[in-house]
């Protein structure tokens, strides 16, 4: 269950890393949208393995094939079926995983849940599934473009290397100029060095992605259980390895007094704005027209090239050392996934607001 | 839209602070559950205003009236309708709010969303709505009791006063021994002092609630978009004033190496356990049988008894100073709400897992 | 589960005939609609028991109390909670039903489903629940009025007394001039006579309700699983005692050749219309702007004032003769319920079409 | 929207007749089910065009490719993605349809709904989409087999040729012995003759499919809006060309008195049964353990090989005569589609009942 996300604009995804393909169905896409294949290909390439020395050396072409919902290059309003063939599968890499539970992976929990599991590459729990999200996210961005809404994420922390300040302090057009996707070149270099160092040891490291949505109109989000931050938080916490979500000043808000933290309304040449934006563009669960910004924490990748103690499925102690090709740090590739989930969520809420 | 929460066990709530009543409908409650009224009353009293000097002096009896779904004291499996009459309404307190947008409240966003709004006490955006959640949460706890699942939240931070360590370091049976709901009496006193000090100035302060779920079986949570952490995060981020959610080691995870952070499996007299629990009891989105724990950040209450600059609905500058009776800090009353949302979510996923 | 109906405009209902009240929550009602209490009261009175000699002599005031979602007489866009107190309950009438399964009622199936049941008046399976639908239906009609969409149902058959022809052959403004709600006075008299005759014997009789929706724009309905006829059919088949649904020429369509049955398009002063309307205003699951019409079959009421053989809950043979006050024929009171469900469904699809 | 069907066991489908493939995603399939490819192929072949002289001569191989959700031949509980490549497309046949609205097709309504449409073969409104339902239906049948639940449909009427009596009067194992799928060989011959005659004239004809579900336990179906007949009716009315649905004695029930029509309970060697089954196995919306039976009316195929008057998209009169290869009667191929939708619905409700 729950392989669908969204209410009006809705992605249903399928696929494991080692089947013949992954893919999905996008229902509720507005009709008449020009489906810019080049843009979609570009978005997928940002998530693709093997894009730099910082990511897994697995090479996957990640070419998306659209199967329906398009006529003469435009969306028709009917469901968009698509698939991305799986290639370059080394199932043999996973043979021994049939009888071992990898630490901090989903092997044990899937087995407990279903009574059986597909051990090849983590099966459905593989992050390969997120490629389908990037397809849907790219299409959502194409629709949001028509509303001049823009979503930009970047790596703001890797291990102990943090980017100080907020998105306002940086030129986000620099994000894609380095493989770690940090808009501050000097910090990017430090992050890169750290990832290389960790990788050299066969280890992995976590970090934080920050994201800002600009141009969203006031009025998005639904009272009570459909608050915009709840939808965004839900979206982000479905991403593999995500451990936390905060918006506006987030956990820092615990420290503030109300008198410091309230966002005072000001009249900005006839339009109502706020002087500060601790609220992160959302008040009472509904967007207020200011920038919506949030952060997502990611843990270190669980697959290590160092030997780890673990158990076999029979409960016996064993040593596990991953072979295969793995990411030392998910952050660079998490950036486009965070953007995709934000785009899907925002478009969904934009369409929901239209019913009134 | 979205005034319902949950999939199988599902609360639909209604009501504003200044209508005649708030209430809800609980659909999907298992049949044959003894509806312990005393327990439900107790749970509601933990959320009730006026319970201590730390909360708003508003007095609300918060007596729940059940209207359906119960026969001879037990649930029948049909929907449980209930209401809680609103009393002690000082609508006059809110007369001036018709023409003013309160800073960091939902006045402006509701107006933008709907083109009109109920200004009395914040209307639907009032935290009074959470009383309905406590009714559903209390019933969910009664069902979870039958599975020996226990949920306990507590205040772990108020402003800069933090409780060190984790839930394992404290005796959670002490949580209810002080009005701030912190299981460490000395820290509780510090928190209390801080709240009193802030209140004396007409100001407010934020904080953090921590929560642990014990006894949940392995296998709860659904792959991909129904990950248990996403459902819990969604649930928590629907609570008024919540600004962030993290589970397991949360944002701290960004700092760790995989080799430090992986939870090694151990054979504990025949049952598979993990040596550490950085995962927070959830791996690949599915519970693994260990304790599920998480933290929720709350901002300071937006209503101040200090004059604040703001705008009228016509966009003119004005000064606003709240009258009425307000909480200086939501934390003490947020504790039972966090527990309630956790109980609703967990029961829902427990029932979902039954379909297999 | 499934005590909610609709997607955007959504009714969640609760209540049994012998609890303190029935009621519901309407989510997704557009804001700014004037809630005409007199009209709602009138609609409820059309469903009310005791309205004529043809219906049960039970007297129920059926006064609806609105609890939320309204400010200064208008809807606010937030959920509308409401209840209708139960009065005039003769629970004693039902004492013996604790241990008997009434034929063709839901006693046995509820017991099998839930393992327990509320025997008073059929509990949740009582048709009293439909009063909540009439409240939601009345509100839906108020919204549809703004789009000049009109829904009118009438009794077209009682037992063997049939109204010949279609809705086009009658003046539907005459429907409410007789207690059986048939727009042809002479046929109405025959129907009335039949109901009185059947009632005198302690027996009951079935019939058919016809309904037409006028003024709906082209484009309502969703391809594949959301076809408008499927939504309407679903809606009608949830009404107690409904046994069948057909739209357009329905079951008669089986007899026609395509060359007889296709609705030829014509240009009617610049607007595209169809010469005939065998399609019932729906083609490919989507409204085409013509009248939408359908028929719903109802079985005879299962409660008889004649002794019937049945079983006790212990499986022993017994004789059952209903006491209490029951309808000899549901048709007159089914008419407003059919209209209500049609209104809820149509408004929901109208709002869905807005997302594009 | 609404390209998904079902709640727990849920099919999301995509595809047009002239894209590269149609297909779908099945979510919520129980794990550990042996996916019998031969059975699925057989079920698809029952729906396939070109299977007999009574159906369209289009040849489509309809080979299903499974893409996910299966490991070592068994379902894993994760989503089953599948596709069926489209072959043998004569898009040229449809060139003129760009500028013509075919009578009683969905061309006009899709254009009105979306503002654009895919004219090739009816696009999404093509009945080709039902192949995806047969894949999901075949899988649902494999699961239902484990519960000894059996679903069998047959053609009971073509034009004016009717099969008298009910399913109890025939040997349903004969259904597949003739191309029209009628269990009574003599009537089947009459139906066949009628279809050939109609086809020779370039015309088409409607009919009725009857269906019976045997072995379903008591307790399936949800009160109020989730009544089992409403779910089945919804399912059937989503099938292309369906015009009506009735269960039990359906529209005939209008004629009966309650004293004739009630199903008296009897004790059949310790199990509670009913003497008659006018209820069609459903009472109060919930199955009672008796046979569930229903009928679905289908109109004549709208595509004729006779010239018909119609309008161009510019509103000008024109003559249309279909080329291409079309069915003279949908009934033979509707039988497996009715069974598939019944299987999907019943399995969904079986799984829903497990949550209690």
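Worth pointing out:
In this document, chain identifiers A, B, C and D correspond to the written order of the chains, with residue numbering beginning at 1 in each.
The rule we apply is simple: a contact is a pair of C-beta atoms (placed from the backbone, for glycine too) under 8 Å apart; a residue touches a chain by one contact, two chains touch by 3 or more.
Just so it is clear, the model here is predicted, and its values are computed rather than measured.
The minimum number of touch steps separating chain B from chain C is 1. Of all residue numbers used where chain A meets chain B, over half belong to both copies. The two sides are thus made of the same residues. One finds 39 Å separating the Cα centroids of chain A and chain D. Taking each chain's centre as the average of its CA atoms, chain C and chain D sit 27 Å apart.
Remark: chain A and chain C have CA centroids separated by 46 Å (rounded to whole angstrom). Within chain C, contacts with two or more other chains are made by residues 1-4, 8, 13, 28, 31, 77-78, 113-114, 124, 223, 352, 355-356.
Partner chain C is touched in their complex by these residues of chain D: 1-5, 13, 101, 103-106, 108-110, 112-114, 122, 124-125, 129, 157-160, 198, 203-208, 218-219, 221-227, 229-231, 233-238, 240, 242-251, 253-267, 270, 272, 274, 278-280, 282-289, 297-304, 306, 308-311, 315-317, 352-353, 355-356. Listing the residues of chain C that touch chain A in their complex gives 8, 28, 30-31, 77-78, 223, 351-352, 354-356. Here chain C touches chain B in the complex through residues 1-4, 8, 10, 12-16, 19-25, 27-28, 31-32, 65, 67-71, 74, 76-81, 83, 113-118, 120, 123-124, going by the rule given at the top.
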